[in-house]
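The same chain A turns up in both complexes below, where it pairs with chain B and then with chain C.
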Partner chain A sequence: MQLPRLRWHIAVFLAPAVLIYSTVMIFPLFNTLRLALYAEVDQGRVFVGFENFRTLFFDPIWSEQFWNALGNNFWFFLIHMLVQNPIGIALAALLSHPRLRFAALYRSAIFIPTVLSFVIVGFAWKLILSPIWGIAPSLLDAVGLKSLFAPWLGKEEYALTTLAMISVWQFVGIPMMLIYAALLSIPEDILEAGEIDGVTGLAAFWKIKLPLILPSIGIISILTFVGNFNAFDLIYAAQGALAGPDFSTDILGTFMYRTFFGFQLQLGDPHMGSAIAGAMFAIILVGVCLYLFGIQTRMRRYQL
Partner chain B sequence: MRRKSMLAALASTALVATSALAEDVTLTVESWRNDDLTLWQEKIIPAFEAAHPGIKVKFTPSAPTEYNAVLNSKLDAGSAGDLITCRPFDASLALFDAGHLADLDDMEAMGNFSDVAKSAWQTDDGSASFCVPMASVIHGFIYNKDAFEELGLEVPTTEDEFFAALETIKEDGTYIPMAMGTNDQWEAATMGYNNIGPNYWKGEEGRKALIAGEQKLTDEQWVAPFETLAKWADYLGDGFEAQTYPDSQNIFTLGRAAIYPAGSWEISGFNAQADFEMGAFKPPVKAAGDTCYISDHTDIGIGMNASTEHPEAAKAFLSWVASPEFASIFGNALPGFFPLSNAPVEMSDPLAKEFVSWRGECESTIRSTYQILSRGTPNLENETWGASAAAIKGTDTPEALAEKLQSGLANWYAPQQ
Partner chain C sequence: MNTARSNPINAALMHGALILYTLIALFPVFVILINSFKSRKKIFREPLALPDAESFSLVGYQTVMKQGDFILYFQNSFIVTVGSLTLILLFGAMAAFALSEYRFRGNMLMGLYLALGIMIPIRIGTVAILEMMVATGLVNTLWALILVYTAQGLPLAVFILSEFMRQVSDDLKNAGRIDGLSEYAIFFKLVLPLVRPAMATVAVFNMIPIWNDLWFPLILAPAEETKTLTLGSQVFIGQFVTDWNAVLSALSMAILPVLVLYVIFSRQLIRGITSGAVK
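Presenting the complex of A and B:
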């Protein structure tokens, strides 16, 4: 019997990726989770087990903030799912229409906000919507709808939705591009075959194209989910770390930031901050798993 | 061979240099005020060195946001400067507790300061002081003199006069009565609640009683400021809910608003921006003749590194910081940051002069939330931001807001339980 040859080249080729990934991703992740199990007592670090999580979920002061942030996060996600992705799909369907002129121009114009910095987007929209200097009130005034204007970013009831819409404006290019690519990969002959059978226009979209791009829609949904539950930048840029007014735009990211690094007179608490980061990680992990095992595996795929 | 002689030459010059310096002591100052670098280099240090031959001073500021972290690591490594600029309250108290800041109580010059001035750099029981107070900021209202003249308005001294003036400005319609927004929240608390509040809770008396647990935030004198703030909403201009701090500053300096609830730190900026004459009035009192209270909030101090090699020279510098000479240089170079020593300082800026004159007429206090009360979770200062903004917007009643603040404070602060 011959011993299997030691295939050392596998290890050598894997090593750089494994090392780098471990040092910059795996280690910090697990170290953060570990940090959540400690607390600072009298300038020293003490192991407290799951005490921080108990505080986070059951102490009314913490849990109220946590559930508020989580609820806001779901609302933020819902708006993206209901507005961003359908619009993205519709835009992609329009763009892939063979007789559309200036398709490349539209495609770039819609995609450009995606590459802008959150800080620029937040600042620009804050100015546009400003009741004092903004163009939104005068634009509405010009069409006689001034009464519809409200200081949206300053009102508890509208602020989060407004920010979600700004985020949709910025990122609608991503689902559009992914779906566009998926639509382009549908072979002409399938559509032609449908046409011969009398399936044209909108019917062709619903009955042929949509089922074929469903896997892409699934991927987009999961990307939106992960992106939204990790969101932080836009809220921070537009509303600051206190996520005003009255925490109505507070999401898990800003809640974690405030707790971890402290704010104004509030000193930072890295241990509670890590506990929140751990909860965020768990939520995203569960969401992704639900999708991967619950939906992805059952999705029908068509051989093109 | 050649290199060796070079080294020898270098070594001998180095020796000569050190022996020449041996008489001179160099003190290094740690600070976050990099804005003040030229002020230190051109005015403060030359003035000190002229009066104290043999002591040299080096000002080495770092960025404000990095200061606390940089300072902590330098102190731990033993490489921090001899003199340390102190943040107010808990940040410096932690340094003192860790043994990094020296106790300055035996310094004679500390007698130049009032108890309020020293409160930001003392242990909770007031038994040890560890920084010399350098500067404070005073709250009040800045107004557009041209606008007041145009509308024939007098400077209000009582609350009724204040709201009557606001009403007149509103009816006239040329100016927005008051420039403040609630978007950033902190102005509502800092320039609202803690600006007008001391007149209700009687300054230090109320603030100390709150710390001692003898008064509650639900008491009349702590709820009333919220009730007054709620009345501000009518005079803040359209869309104040989304108006930010820079928006308010611009609205006022562009001459579009008549009154600006202010902190004195605005003075130099406003002087540069506004092309109309400005005046200031202190927070109006309830009835004419009432004692007035102002928020004279301690902001910058300076202390001595406990492990400095030149304690005598460092103390000489600190004593000089406590002197009227320093106060006059500092106060005039940075209008709006007022020296804290008891010696009267002649200010050249009229607006700054107006602000600082209130010290003689009113009782000074500091912001109610800063000492001790913002140590726990929930953080009282942050909660007060939200509550003040909500009071102005009218999203909740003053009583309910006070109730929430009180229950948050009682949650962790034993004297209030």
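Presenting the complex of A and C:
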């Protein structure tokens, strides 16, 4: 059937996409990993093997910053998993209720923060939480909790958690939408069969719907993981490149930016920046592989 | 049919919870927008009051228009977003067509290669991207951003579009071939119009992250004449941090275009997400 001659149109269809993708994405990705193995000595590039990684992991000055950023990044991710995804699932469960009115309206409104840029979100919350403006303390006062107020973004012990919560506020729309879609695709007769057996309301959610949407929860978890370990914008917009106070909100993205670009008196170092990018790449790769081979293949899927 | 499903107390509780969360989601946006139209004194004295005849003031917007070139920033963002979307859709659809329509050696491998970029963020390669843009003289041009966003958007676009193109009937394409249409004509005249809904989904998915990105404008195009709206408002707000009128107005000006786009495209976006385009 197939014609043996070279079919040029296939090459023409593929060429632009493959060309741009390879030169602007794949090649720089590997080039960055390669640059991580070099260092600048006397304005020349010298191959140093894994020296940069040794500096990053074990040199007292670098490693302290690196492990701090990594630890913060894990905390950032944990908050998203524990707060964003459960809230998203709960909202989706409410929205997918068959006889709920105004569902489309709620859905669109709750999704609005997700379409705003980090810059807007970061500054808007900075203003709202600011003790100078006083919106947050006066709101807390209205419900009698004024004593709880603290300048959260300025305190080392709260700043990271506060930023993570702001990010949760912004992105809760994504798990909500994806779970909502998964819930809608559950056939009505399964739920009706449950009802006949007396499984309704909350019990129906825990015993029937939740097991059926587990694959979607898996996808959301890995999307959250990749997004969080690649995050930068919100921290930079709200706290600047120094990720203050005292680096307490520093995550891998801001650490890489500072190292690569330099800040204040420290000069930028593309090779150390590449090494951090290499570490981020490894972390994301491990996470994605864990998901693909460890979770996704073992998850029970039910034929609907 | 069933009491548990239509219980009025349950319904009230559900609406209560949803209204509460909707308020939490909208409150910060609302506060920023109303205060941008108030005088400085009123911003601090009555932050939650709506602007009225007495407190109404546009002084913040005047500062923004005088000090920052927001029209230029907006124009840059617009060019970058539209340019990237056009390239993503055109090249993505072409590659998706090649992968879904023809059997050739390496088809699977090519599909996997293009899919790699779905999970691996392009930011990891920033150091080498910047080096390349400096070497080719593209740094501080909008082309640098367009190329990067195109590369970033292509993997998912190819993935989604090829799923949809597999559903286009073979009979239709073969009828075209019998009528003497070239493969290019079949793609542009028969297949593209049929996958238009999928193209819209891809466009809407890519639009928001491109418009909102701060990382690449900051690194690849920080010059005054190539600043995007996101970067421009970030820099502007950083400089005018103590001028609350200006900051609130700049924030509102950055929020409004996105809100308008969202209102126009929200149905498309939500349908795209809920139709299971991302599996």
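Quick note on the criterion: the second predicted complex is superposed on the first by the 287 of 304 C-alpha atoms of A that agree within 3 Å, B and C clash if a C-alpha of one lies under 4 Å from a C-alpha of the other, contacts with A are read in each partner's own complex, and residues count from 1 in each chain.
Keep in mind that, in the parts below, contacts are C-beta pairs under 8 Å (C-beta built on N, C-alpha and C of every residue); 3 or more make two chains touch, one makes a residue touch a chain.
None of the values given here were measured: they were computed from a predicted structure.
Trainee: So, does A:273 touch the first partner chain B, the second partner chain C, both, or neither?
Mentor: Only chain C; A:273 stays clear of chain B.
Trainee: Under the stated touch criterion, which partner chain does A:242 make contact with: chain B (first), chain C (second), both, or neither?
Mentor: first
Trainee: Have a look at where A:133 lands relative to chain B and chain C in the superposition and call it first, second, both or neither.
Mentor: So A:133 meets both chain B and chain C here.
Trainee: Just checking: does A:151 make contact with chain B only, chain C only, both, or neither of them? Give me first, second, both or neither.
Mentor: A:151: touches chain B, not chain C.
Trainee: In the superposed arrangement, does A:299 touch chain B (first), chain C (second), both or neither?
Mentor: neither
Trainee: Between chain B (first) and chain C (second), which does A:200 come into contact with in this model arrangement: first, second, both, or neither?
Mentor: second
Trainee: Among the partners chain B and chain C, which is in contact with a greater number of residues of chain A?
Mentor: Partner with more touched residues of chain A: C.
Trainee: Between chain B and chain C, whom does A:61 touch in the aligned arrangement: first, second, both, or neither?
Mentor: So A:61 only meets chain B here.
Trainee: Which partner chains sit in contact with A:263 here, chain B, chain C, both or neither? Use first/second/both/neither.
Mentor: So A:263 only meets chain B here.
Trainee: Show which residues of chain A both chain B and chain C reach, each in its own complex.
Mentor: 133
Trainee: Any idea which chain A residues touch chain B in the complex?
Mentor: Contact set of chain A toward chain B: 43, 61-62, 126, 129-133, 137, 150-156, 239-240, 242, 244-247, 263-267, 269.
Trainee: Can you check the complex and tell me which residues of chain C touch chain A?
Mentor: Chain C reaches chain A through residues 2, 4-6, 10-11, 14-15, 17-19, 21-22, 24-26, 28-29, 31-32, 43-44, 47-48, 87, 90-92, 94-95, 97-99, 102-104, 110, 113-114, 116-117, 119-132, 147-148, 150-152, 154-155, 158, 182-184, 187, 208, 211-215, 218-219, 230, 233-234, 237, 244, 247-248, 251, 254-255, 258-259, 261-262, 266, 269-270, 273-276, 278-279.
Trainee: So in the complex, the part of chain A that touches chain C is made up of which residues?
Mentor: Going by the criterion above, the answer is residues 2, 7, 9-10, 12-14, 16-18, 20-21, 23-29, 31-32, 35, 87, 90-91, 94-95, 97-100, 102, 106-121, 123-125, 127-128, 133-135, 138, 169, 172, 177-178, 180-181, 184-185, 195, 200-201, 219, 222, 226, 230, 232-233, 236-237, 253, 256-257, 260-261, 270, 273-274, 277, 280-281, 284-285, 288.
Trainee: Across the complex, what residues on chain B touch chain A?
Mentor: Counting only chain B, the residues touching chain A are 89-90, 98, 181-186, 237-244, 247, 251, 369-370, 374-375, 377-379, 381-382, 385-386, 389-390, 393, 395, 408, 411.
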